[in-house]
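Next up: the structures, one after another.
Below are two complexes that have chain A in common, paired first with chain B and then with chain C.
Moving on, here comes the complex of A and B:
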């Protein structure tokens, strides 16, 4: 058994496909990005090595910092709006028995299975000043003005609303699963001690959900950082880069502004930021709390 | 839990139910609105009401969306690419997970970390260089331009889930198989794989959900309709019919339909799969 399980040739054949995919689709492009990041390549013609020029430009690029700020805002939106609602809804849903529970869970998750392409265009219509749903809803509540939701001042909030709305079901489902995994005996004990449902939620559900919350918050921060698709279709970073996100910005620089080299430099910094944030969240911040 | 419920006043129960209902309406009403407007004519849209009752239901919107949106071709492409991606992810991740978790070799930890690294890399940072690579290799506008990145970015999660399930599979079965003279590949695919059924379902669902709606890579690497996927029905349409809103609503509803219908039918399995994947991951 031992001999067979340490046969080098067999091991190699088993990991080879995975390694090839990794090398070809992830490692090679990253290396290429690093190379182009040091050039002034426009996308066509010749690439000239310019050293750290792109990175120096990036260090003073306010649009890039706007995009990081927007990611931060989005993460805050996820954590302070989406997640608290998701936890509360999950807790209520947990107490609900029978058909209603399944129905609500299904309804909450439906937006998640719809393509971002559809979601983005649908919300463009919802925000439409002429026939959009949102202004009509406000009208139904008696507000008479017409709000331009995608104007320079409002656009970032409009983007945040779409993303919080779209991802709600996913977050809710994870919290719901976490709550379902809590031992019911604890609830019974709390009930015998005369605890009301608010106290039970605060003293039992929330503390026991801590690991789930940590995982969910980590994923939310990372997805806020990686956000691109919705913004690309909804506002494409505009108006005036107010809703810019890093991934969208590097794409624009490479394919619209023909600064392919600069786009790649942004890509490299973007990858580093994602790696650092992931490692920090997983190993430093949350690990310490557990100890 | 039951006792806690009984003690509460019925009023607070009603309030909680209303909370659920309000959020359900927020989540689903935009989609109902979409469906409603897709059946009206463009002229009827400029009302101040929330929903329209169309004078005549405009099935023609859907006919136009179906034909001009290349619906069937793009649906076929989406299905084919996604099924292939799922198949590749499952086979490759089982093999790699088995090698890293079960086999004895020095570099297993390193290779595993390397393969899982893919989870941390932002997909969109690879758009630019991959475009160059695929152009140079003449892979743009082929199925590989989608298949390779789709497999690559779903593989880490697949491997992670397979690995963590594999740890709960008892080794005794394999030992018995070895004594019976079973080779490694047969052990993996005939003995171990059936035991991983639950994680295979989860990985399939996660991979499908990840890739079914993807369009950023598709729109970067593809320029001809040959391999374009379902989201393109919507993307291309809005340009072509920019003033005919009703038809745009129809194409969105039509494109969303396959996933929503499948989700409603398989709702229980999918939520279970996602929950399992997300909690483990």
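Moving on, here comes the complex of A and C:
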């Protein structure tokens, strides 16, 4: 067996498929994308090289910056709202034991199982001012007005709530697995020392969860920056561009406005931003904590 | 014990997989049977035909597969049904021809159309005879040129082919004539003593009255942007009259939308929204939601194109509402140049043949078959899908719904028609911009001047 693995031909043939997939499905499209970012390609016909023109336009595109701002707002929402709640819920779930544990774990994860399209329409109906659930609940409590949950001022918050709610299950599940992996002996020792549950959580659970938190937060930020499907189906960036997110804006420019070259330029900038953020998070923030 | 449980679970899982497998096979079988039955039927019918008309050469012709790419995914209702009926008939008459249909919703359709344009288009495709769509497509040279003289006796309404031409050459044929309509619930109007307004000022007063009665005056699909742009077109037609087309094409050519007429029409749209003429949250609600408000009796009026005439025949809509849907066009303004019969109407969707089709002859033959006056036009009329781009008067039976008759009259009495709505007059970037910015300007988060500047910038 070992002999086989030292045969270069065998190694090569085992690595090749993965390498090919990476080359043609990931690297080549990225290179093409960079190339098209320098052209005025409309998706049809000929592409003309226009140098940095697309990037110059992008630097002055207020809509792009609005959408980028919204994407980062979502990332902040994920980190400051979704994840703290997810950790606490995971810790409580862990304490529940028995049937309740399985039941609630399931319930919290259900939104992730439902297709994005259904989630978007579900919330569209919940938010509807005329027949939506929210306004009807308010009515039951005697409120007579009609709140427009997706008005220009409210829309971004309404969308953030949906996204935070939708992604909650994943985060929680990963934290939950992390907590399950903590050696119970530590808790027993803490209990013997007379530690209450708050101290146990802060002094044992949280510190031991650090690697999990690091992975989870990185994934959350990337998914916030990449957010597209739910927004596309829920508001498509509207009203106006109040709920526009970077990935959705990219799609609109490339495939609706037929500015394929410009869309690719956005894509390139977008990839750079994602990379920078990830590197910053991993190398600066998390490493500093370690020191 | 545990081992046993696992074994049971595994068995269950395996059985489930097997069952699923069987289910799949069964479904596939059924599908197969349906296809073969359909083909058999087609062959039978064709044999009859061949025997009758002596078209045996046709029947024994070489097998051809014709690919159609359509923007009508609903094959059981409305326009999609009409298209499918003609396809089925064509296959029955030409047994050597198999037609494969791929149908997607408008937006998905347009995206895939682009992909197809790069590596080979299906033979017959849906298109839109409007600059926002067609300019780029014709520039890429993916559509085959048609011989205009062939269509002299097809009864196309004068001017309806114009949108499908470039440099005098014809590249497609229009399917519909679309009219911008205000649908209203006649029973609701009568019960409340409301009357169809004669002037725009009356129209606005009526909206206020309806709102005060606790009913939504107009159901508006503002989430999609284009229906509001069509409404803006209608307003502009009433403000500028027959100058509409010149004003818009001039604005798009120069990127300067500061013409007083455009400003005034936009102001009217903003005023209407401010006055609460549309439902709460109209700027994020989609087509279906807006239409449901109207068809459920929660809104008194619904602004949409004449293709929605088929509402009168749609059995999903409660009968007391369905039978009471009537239509009027936007009434004229005191200081506007457009009269009551200067209407916003255009020839939008249509069909074309791919330039690179290997069976171009067959594709054009099918296209011409579809446009024989007793096909698209007649079936369309019988199924209440609105007005075709061809003369439909021979197919009037007298059994049409009231709504259909009204719409026919609107077109018959028209002294002028506007042509392409404003959002479809410019390049796609302009279309995308105006359809998003119109939400901001109507809900008051953007000033009219900023709106006009933004859509102007998108033309450059």
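In the analysis below, the second predicted complex is superposed on the first by the 279 of 291 C-alpha atoms of A that agree within 3 Å, B and C clash if a C-alpha of one lies under 4 Å from a C-alpha of the other, contacts with A are read in each partner's own complex, and residues count from 1 in each chain.
Convention: a residue touches a chain if its C-beta (ideal position, glycine included) is under 8 Å from a C-beta of that chain, and two chains touch if they have at least 3 such contacts.
As the structure is a prediction and not an experimental result, all values here were calculated from the model.
In the superposition on chain A, A:206 makes contact with neither chain B nor chain C.
Look at A:252: by the touch rule set out above, it reaches chain C but stays clear of chain B.
By the touch criterion defined above, A:109 reaches chain B but does not reach chain C. Legend: residue contacts after superposition of the two complexes on their common chain; A:30 is shown touching chain B, with no touch to chain C.
Residue contacts after overlaying the shared chain place A:188 against chain B, while chain C stays out of touching range.
Contacts of A:173 after superposition on the shared chain: chain B is touched, whereas chain C is not. Contacts of A:130 after superposition: both chain B and chain C are touched. Of the two partner chains, chain C is the only one touched by A:152; chain B is not.
When both complexes are overlaid on chain A, the residue A:228 reaches chain B alone and has no touch with chain C. Judged by the number of chain A residues each one touches, B leads among chain B and chain C.
Note: residues 130-131, 255 of chain A belong to the chain B contact set and to the chain C contact set alike, using the contact criterion stated above.
Every residue of chain A that touches chain B in the complex is listed here, in rising order: 1-2, 4-8, 10-11, 14-15, 17-19, 21-22, 24-26, 28-30, 32-33, 36, 85, 88-89, 92-93, 95-96, 102, 104-118, 121-123, 125-126, 130-131, 133, 136-137, 139-140, 165, 168-170, 173-174, 176-178, 181, 184, 187-188, 190-192, 195-197, 200, 212, 215, 219, 225-226, 228-229, 232-233, 247, 250-251, 254-255, 260, 263-264, 267-268, 270-271, 274-275, 278-279.
Within the complex, the chain B residues that touch chain A are 1-5, 7-8, 12, 16-17, 19-20, 23-24, 26-31, 33-34, 37, 45-50, 91-93, 95-96, 98-100, 102-105, 111, 114-115, 117-118, 120-130, 132-133, 148-149, 151-153, 155, 159, 174-175, 178, 184-185, 188, 209, 212-213, 215-216, 220, 230-231, 234-235, 238, 245, 248-249, 252, 255-256, 259-260, 262-264, 267-268, 270-271, 274-276, 278-279. Here chain C touches chain A in the complex through residues 107, 110-111, 114, 117-118, 136-137, 139-142, 216, 222-223, 225, 279-281, 283-286, 289, 293, 298, 427-429, 431-433, 436-437, 439-440, 443-446, going by the rule given at the top. Contact residues of chain A toward chain C in the complex are 42-45, 124, 127-131, 146, 148-152, 155, 235-242, 252-253, 255-259.
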